[in-house]
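Look for subunit A in each of the two complexes below; its partner is subunit B in the first and subunit C in the second.
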Partner chain A sequence: MKILMIEATKYTPMINLDPQKGVFEFKGKSYPENTFDFYSPVIDWIEKYFMSDRSAPTRVNMDIIYFNSSSSKLFFDFFDILDEARKNGYSVEVNWYYDKENESSLEAGEDFKEDFEELTFNLIEK
Partner chain B sequence: MDIRQDRLIDELQVFMESDLERFKSLGERIIKDIRRQHKIMEASDKRQRKEYDQLQEKLLEVERLNREIEDTQKEVVFTMGAIGESRSKETGNHVKRVAEYSKILALAAGMSEREADLLKQASPMHDIGKVAIPDDILNKPGKLDESELDVMKQHTKLGYDMLKHSKRPLLKAAATVAYEHHERYDGNGYPRGLKGEEIHIYGRITAIADVFDALGSDRVYKKAWDDERIFELFKNEKGKQFDPHLVDLFFENINELLKVREEYRDLFG
Partner chain C sequence: MNMFAFKKFIDDEGIIFSYSGTVSQPILSGIAETIEEEFKEFNISIDIIQSIFAVFTEQMHNIMSYSKERVSRGSNRFESPGISIVGYDQIKKKYFVSSANIMDNKDEEKLLKKLKKVNTLDKQELRKYYRELRKNGKEKHMRGAGLGFLEMAKKSSEQLEYNITHIDAERSFFEIKVTI
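After this line comes the complex of A and B, so read on.
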């Protein structure tokens, strides 16, 4: 599998999915005009990623400072995939980075953590 | 996998032909999804409210700052006018009256309230160029000789040169007024001898406002003309010194102009 790298734009985050290192990075803002279209190749990539054998852990670093409702819905779907992978024996860890001043980012992180009790979900203050 | 919500609908359709276990699992997922949607909506509502509040606050702040800028601008411009006035033989409320007369004539000439206000603020600067005229000429008692008059006349161009570099509408208007308020409709004015509508409407209006005020005010060197004599001059100079249409408007609005003169009368004129 190849690295999937998407540069940040005004409305979308930088995304870097590295299969060798097992690190997924999301950084920036997420309020694309069409959220599902934007994330569709990302979700496809991740589903393929978890279809292959891998014993090394996968680390997901999310540093999203602003996102719209459909991005939020999409993150739930994304964490579903990660949770499913966990159930299938993969080692997965999510690091949700937030700024102390950014209340909505922290609250969203808490919502995700609460919804995915068995997924390792770390809330990390920047 | 299609990540959209309608995946659930697809599965619901499959379920129609399927078994109870599958229904239970699907039901649980639908419930979970609905709960998530609620969470998302609550979070979104909360943030929207906060963002809107912040936007309102910022807007108020911007409006306040805008007012501050406009007020400062008006004050600076007015002060500049007063400086020009202190260097001229005019006294007291001359610039205030010229400002008000200009606005009345501007509105009568069909300008918008906004543009009339612009001219009102710009017209007090018509004599700003006098700051650069030497004292011995500016303060000379009695008549100026020809060469002195030539120097004196330069105050129009000097004022224009001081203001012309600005891109601000107000200062641009002021530059025009300073440059053209001594032009005559018949082309015999200065500094450029512009004629008729070659002279900007701001210049033509301020010319009337300035002369009307100067003649109607007491000065150290002269008594105020009485109104009949002033009106006679405007009638005679219609189409000569002054724009004939503006002279008509001057007479049509004379009551309002006289009211302003009364309101801003010089106490120690």
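After this line comes the complex of A and C, so read on.
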């Protein structure tokens, strides 16, 4: 599999999915017009990634300053894929970065953590 | 039109930013980023700026989504698809974000049901209901998760204020005001 790299725009985050390192990175804001269309190549890539044998852990770094409600649904579905992978024996870790001044970002992280209790979900202050 | 009178009206109403017309993603983010930068210079707290940004974004996406559906069905594309306002209420000492758009009368019942439900919930219940709908995807549609009004209510310090005015047998004018 090849690296999937998408540059950031004002309303979409930088996305870097590296299959060799096993690191997924999301950084920036997320409020595209058609959220599901925008993320569909990303979701397809990740689903393929978890179809191959992989013993090394996968680390997901989410540094999202702002996301709208449809991105919130998209992230939920994304974490659901990660949780499924975990159930299938893959080692997955999510790092959710938040700004201490930004209460809603921490709150959002807490809610995702609670939704996926068995997934390793770290809330990390920037 | 007397622009001076228009300016006076804008100032008297506490309007900081207003937009009327076709909304596109670059317009949305251009305005949202400008509001964000300007408010940061005035030392307004990050939570309030984030809330204004979030409500503004949800409302603009609603305008875009409704107007696209309507144009694709052959309705009048020259009618202003939406209005958006960010302002400051001098009496309440609170910011507000309002929007308006033309809607189809057939959507009225569903819309009112949704808004009424949202207004019965307190902050904790909103957070819970938001997570519930996000999980089961019951409100999910082509362009979004159907969580926009809940998101607005989460950011609001008061109940959502809304009104529907019938224009004719098919169309209505929908407006919503969110006080931060």
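Here is the rule we go by: the second predicted complex is superposed on the first by the 126 of 126 C-alpha atoms of A that agree within 3 Å, B and C clash if a C-alpha of one lies under 4 Å from a C-alpha of the other, contacts with A are read in each partner's own complex, and residues count from 1 in each chain.
Just so we're on the same page, a residue touches a chain if its C-beta (ideal position, glycine included) is under 8 Å from a C-beta of that chain, and two chains touch if they have at least 3 such contacts.
Keep in mind that what you see is a predicted model, and the values were worked out from it rather than measured.
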item	value
Touched partner set for A:Asp115, first subunit B, second subunit C, both or neither	both
Touching partner for A:Ile43 - first (subunit B), second (subunit C), both, neither	first
Which partner reaches more residues of subunit A (counting touched residues only), subunit B or subunit C	C
Subunit B versus subunit C as contact partner of A:Ser55, first or second or both or neither	neither
First (subunit B), second (subunit C), both or neither touched by A:Gln20	neither
Partner chain in contact with A:Tyr11 - subunit B first, subunit C second, else both or neither	second
Touching partner for A:Glu101 - first (subunit B), second (subunit C), both, neither	second
Which superposed partner A:Tyr31 touches (first subunit B, second subunit C, both, neither)	second
Shared subunit A surface residues [contacts with subunit B and with subunit C]	68-69, 72-74, 76, 103-104, 107, 111, 115
Touching residues on subunit A, where the partner in the complex is subunit C	10-11, 31-35, 66, 68-70, 72-74, 76, 99, 101-104, 107, 111, 115
Subunit B contact footprint on subunit A (complex, rising order)	36, 39-40, 43, 47, 68-69, 72-74, 76-77, 103-104, 107-108, 111, 115
Complex contacts: residues of subunit C adjacent to subunit A	25, 28-30, 33, 46-47, 50-51, 53-54, 57-58, 61, 64, 127, 131, 134-135, 137, 140, 143-145, 147-148, 150-151
Complex interface listing, subunit B residues touching subunit A	1, 3-5, 32, 36-37, 39-41, 43-44, 46-47, 50
